[in-house]
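What follows is a set of structures to go through.
Below, chain A partners chain B and then partners chain C, in two separate complexes.
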Partner chain A sequence: MQFALVRLLRTEGAPISLALILAVIAFTALNPAFLSPDNLAIIAVQSIFVMIIAIGMSFVLTSGAIDLSVGAVLGLSGGVTMFLLTMSFPTALAIIGGLGVGTAFGLLNGFLVTRLGLSDFIVTLATMGVAGGLLKTLAYIRPLRGAETDSFTWLSYGEIAGIPFPIVFGFLLVVTCTLILNKTVFGRRVQASGMSPAGAIFAGIDVPNVRLMVFALSGFLAAVSGILLAARLASVQPALGMGYELQAIAAAVLGGTSLAGGRGTVMGTAMAALLLATLNTGLQIAGVDPTWYPVFVGSSIIGAVAFHQWAERYVEAYESNALDAADLATLPSSSV
Partner chain B sequence: MGADSIKMEPLNPAPAAAPLLQVENLLKRFPGTVAVRNVSFGIWPGTIHALVGENGAGKSTIIKMLSGVYSPDGGQILIKGQPVDITSPHVAQECGISTVYQERTLINNLSALENIFLGREIQARTGGSFGLTDLRAMRDAVEELCQDFEFDVRLLHQAVEELSALSRQIVEVIKALVFRSELIILDEPNSGLSIHERQILFAQMRRLRDRGTAILWITHQLDELSGMADEVTVLRDGALVGTLNGSEATSGRIVRMMVGREIETIESFVTAAKARVGTLGGEVLRVDSLSDYTGLNDLSLSLKQGEVLGIGGLQGAGCNRLVETIIGARRFAAGSLFVDGVASRFRSTRQAFSAGLSYVPNERKSRGILPTFSIAQNISIASLSQFAHIGFVDQSAEAQTAQHFFGALNIRARGVEDRIVRLSGGNQQKAIIARALAAKPKAIIFNEPTEGVDIGAKIEIYRLIRDYVASGGAAVVKSSELVELLGLSDRVLVMKAGRIVGELSGLGPDDRPDDARKLEEAFMSLAAASKEN
Partner chain C sequence: MKSPSAHLTDRLGAILSRPGFGILIFLVVVSFVMSFVSPFFLTWLNWANIFNQSVFLMLLAVGMTVVLIGGGIDLSVGAVAALAGGVVGILISKLGVPLPIALLCGVLAGTAMGFLNGLIITRLGIPDFVTTLATLALIRGILLVWSQGVPIIGFSSNSYMMLGGLRRLPGGLTVPEFIVTFLIIVGLLLMRYSRVASHLRATGENPEIARLSGVNIKRIKLASYTLSGLLAGVVGVLLAGRFGTVMPNMASGMEIQALAAAIIGGAALSGGRGSLIGATIGALTLVVIQNVINLSGIPPVFETLVVGTVILIVVTFTRLSEMASKRRKRAVS
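Moving on to the complex of A and B:
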């Protein structure tokens, strides 16, 4: 029984999935309409935008850094794409333009942090301001709406085999990024860089280079999210993306990624992003006054983090007890 | 073994005839294990009492019971014949016991003086109740001690982080002494100190003894016991093996007591390993007139296939900077570096590794191990591309390689998937060496290869290094342990103040103890030729 619990708690993303299931049960009990397929699809689509940048954030955090600019870069990338569409650029070019701007911001962050040795917190706080300001300027030049092409709209409203495209895309992204972080050489290096930067350097890893690539990935994913969101909203407001970086950090940490670096889980992050969207929609359906949402969401985050901490200690204590017993049997002179 | 030499004095009312501190049948259990099993010994005033044993033998647990961190599960502690109950570090202090821990406990950004009086500040006459302290009174209180220890009084007002390792050590000792401790526990006081600084520390320890203070000295450096320790208590697996008189405590005898079996000494190891030295191959690594902005000045060296090149010097001589520059972790300003004849200017350790160098870092905890990775992942991390198929790590090949090194390097662990932090220091170090070997390098740079490992694992590591070199490798070994440096290396470069000041040949198979001593003296006269600091 104890062993089964430990195995469950150790499985990647399991604790947060448990919390998600509990939330779904609770909201369904309050209002059975919550469980309708349409409603679940809406929740899933709504969660995708935060989920994408939170996955990027998971990589950055795992490598031992932080990226506060993702929300603003998301907004700017969506804005640039919309801007190019209003200038009658082909859809593909407009999207490439948006992706380019996002990736460029990621590279700029990475360059300033790793090559000039500036603090990641300050650099990305500053580029957050820069990207946010540029979006406002774009929106001032011309209204960023009313130019969507059919193929652009399809990005958020199209379906593949009856499943909304954003959900299909999110699923594929989660699978790909899980593999990258857990199974590839690059993923190993990202983990090692955050676990012990000195240890990684002396094991022959180019830690600055790894972080540069991770920042670029984060900027790219922010652009992807911004373009999908622009397609969803059919317009880009000057403040688009504001505050998303905090939701991304919350989702990553809720899912089990360590703020101290070295440990991250894409699956957990995705589940946490779903949980955040579930709370928003669930409270709405339950008829809670919207002004109270942040209070509920904030409290849930504290609860989830506390649970996570407890689970971690529980597993740790179980393992070291089991190991002490085993050590005594097999390793006569092992150290205490 | 040696049970008859254990001192078990009867309780004696005459103070001079009783030990200052006596432990009787001390017992400490931890979940699933007995850390200290019925240990008894006594410490006399005005003596240096060494406590030795392998990692995990129970030394730290005993200290923690004496200093009030742990409470014993059985047995008793007597001070001057009176049973005492040391329930907290504060009580220990009141009993006259001060402890200088292995992990430095000073607070870096406070001054030395503030550290010494931390929590026991002398209050100012006016405003004392508002928390004002009387710096002058505190300084006066320690001035005499500072003179005893040749510690510059002006340094008292400097932040501890600006002090040298030795000065910090002295601050810790002064902190222990200022409250008239009768027993000072020194937990590996010389780790992190250079050879020269150790000598100063030893002189201070003798001075303390002569003042009538008792010292309980925990150490790994058995060769330093002779002439220092009046009594030596040996522990193994939590139990007492015996207490020896200082005069009978030869390092060979102590090692036998510690490990419970015959073990190679470094001397016999040297004989065996170096007798097999074959012919040297081509030049693998060359450094020409290398200089940097931190004071490395015109350094040149050459390493041939099949040889071990030692690098040694006092703390701050630049040995560490030199090896870190070779491995690409530091930039150099002038000069050149060749690996296998190819001029190289590494901008990262990654480039050094791909050029064919490997590195075994010092400070294993912070620079060696990747703590949350498994042993297999720790071994493969420097050579991941070998295990990669289109970017994906082949985890079964990775596990196989780790398994191979478990056998080849005698790594004792439950399995390759276990986390590396679960291993003992010696096994962790062997895993880090396996990491360096897995990269199939042309040369390995070792920085303090046996830092913090058991005596048994030490000899194993020496053999690994010699075996690697004999099989066509080449090694640079930077070490601050003189015996290790001279015993392991074929040639030794001596550094001082950023320069190479001389080259010695290592201990040879035919060398006698006398030759070894002469070699050590030659090293010291080069490394510490003129007074510094």
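Moving on to the complex of A and C:
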């Protein structure tokens, strides 16, 4: 029993998946319409936008840094793509433009943090203002709507084998990023940089370079999310993406990524993003006043972190007990 | 033996490396340039406005600096301020409580929230960032549910307007300016002469060593968050007096501005470092930037862009001058 619990706690993303299943069961009990495939598909699509930037955030947090600019970069990238579309650029070029701007912001963050040694918090706070301000300027120049092409709309409404494209995309992204973080040399370097920067440097890892790449990845993923969201909404408001960075951090932390660096899970982050979207929709369907939503999210974050700390202590205690038992078993009986 | 000129550059370097000095120069230069752009900029009336607008941010930035020095971060201050203002508004408008008692309750509510933050962080061991982010969402949610999204009104009175700085004293000064100046001077004296302040710095610098040297780091951190809640409470009740209404989203985003002001003023997120005067100047700078944008006819849509760019330039410049002075020191030795 205890062994099974420890196995469960040690499995990446297992506790948050359990919470997700419990939430789905609870909401279905309140209203059976919750479990209809259409509703589930809507929840999944809604969760994708936060999920994508939360995955980028998980990489950044794991490497021991933080990126507050993702929300604003998301909005700006969507805005740039829409802007290029209204200037009747081809869809592919417009998307490349949006991705380029997002990645450029990621690189700028990474450059300022790693090369000048500035605080990641203040740098990304400032670039958040810059990116948000640029989006407002773009929206000031001309309204960012009414120019979507069929292929652009397909990004958010198209289906592959009956499954909405954003869900397919999100699934592939989660699988790819899980593999990158856990199975590649780069992923190991990201984890080592966050766990102990000094140790990683002694081990020959170019920590600044790793962080630079991670910031660039975060900017790129924010752009991807922003472009999908622009396609979904068919317009870009001047404040698009505001507050998304906090949801991304919440999703990453709920999923089991540590704010202190070194420990991160893409699978957990994805499940947590799903859970946040489920709470949002489920509470609405259950007829709860939407003003309660932030209260639920706030308390669930504290609850989740408290749970993780308890789980860590529990697993550690179990393992040290197991080690002691193993030591005793291997010792010759005379010395016990 | 050092040449006199080297001596001079050493002195100059010491002054230059003071936290908040670079930003002070920036302020002077901006003021100089702006006096040509708008003749209104350098008038007493404009600066009276700037001071009156910046006092709230100054107080929040000072509280944030204290928390940052202790190695923490408090993202909930804006929400706590709104809560304190909401408490005062509801007590007066719904229950008819006299103003002084309502004010006391508002400040106490803020202090209690700060204490709660500190308890969660020190007793449950949950990271500062997560705790205060969560209490930020929690408090905003409670305010929304409480007010049903409608501003709380009907609590304003002449004396409360005076207290909030909506009405001016003779000479253009306002009551909050005196309150905030007093609090900042008390803070400066405490930071300079009290033992608690050195314990606070030690805790932020290296919690483990501080603990081993006999500092009760948990109690120090708890105290720093309680102080931050108290100051946010004071800001909240003054803001409610200033506006005459309390919106559920009052003071939202002020935590980020306070943080920016503290960091521009020389505080470090890694703890142990920070200057109350620097934070005050940092807050003043942010308000001056807004004022400059208003006066020079830049469309307000550019405001966030300009503020973000200025913060980037200031921190980059500070960093580069730090690196240069280090290189110079190494060259001397």
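In this text, the second predicted complex is superposed on the first by the 327 of 336 C-alpha atoms of A that agree within 3 Å, B and C clash if a C-alpha of one lies under 4 Å from a C-alpha of the other, contacts with A are read in each partner's own complex, and residues count from 1 in each chain.
The definition used in the following text is that contacts are C-beta pairs under 8 Å (C-beta built on N, C-alpha and C of every residue); 3 or more make two chains touch, one makes a residue touch a chain.
These figures come from a predicted structure and were not determined experimentally.
Of the two partner chains, chain B (first) and chain C (second), which one does A:Q191 touch, if any: first, second, both, or neither?
Only chain B; A:Q191 stays clear of chain C.
Let me test your reading of the model: by the given contact rule, A:I122 touches which partner, first (chain B), second (chain C), both or neither?
In the superposition, A:I122 touches chain C alone.
Looking at A:Y140 after the superposition, I want to know if it touches chain B, chain C, both of them or none. Which is it: first, second, both, neither?
second
In the superposed arrangement, which partner chain does A:Q309 touch: chain B (first), chain C (second), both, or neither?
Touch partner of A:Q309: chain C, not chain B.
One more residue to check, A:I201. First (chain B), second (chain C), both or neither?
So A:I201 only meets chain B here.
Please work out whether A:K183 is in contact with chain B alone, chain C alone, both, or neither, and reply first, second, both or neither.
first
Which of the two partners, first being chain B and second being chain C, lies in contact with A:N209: first, second, both, or neither?
first
Taking the superposition on A as described, I'd like to know which of chain B and chain C A:F3 touches: first, second, both or neither.
The answer is neither, since A:F3 touches no partner chain.
Tell me, which parts of chain B touch chain A in their complex?
30-33, 35, 54-56, 60-61, 237, 327, 329, 348-354, 358-359, 361, 366-373, 377, 381-382, 384-385, 387-388, 391-393, 395, 412, 414, 422-425, 435, 439, 454, 456
Can you list the residues on chain C that touch chain A in the complex?
120, 124-127, 129-131, 133-138, 140-142, 144-145, 148-149, 256, 259-260, 263, 268-270, 299, 301-309, 311-312, 315-316, 319-320
Name, in rising order, each residue of chain A that touches chain B in their complex.
By the definition above, chain A touches chain B via 179, 183-186, 188-189, 191-192, 195-196, 198-206, 208-209, 262-263, 321, 323-328, 330-336.
Can you list the chain A residues touching chain C in their complex?
Interface residues on the chain A side: 112, 116-119, 121-123, 125-134, 136-137, 139-140, 238, 246, 249-250, 253, 259-260, 289, 291-299, 301-302, 305-306, 309.
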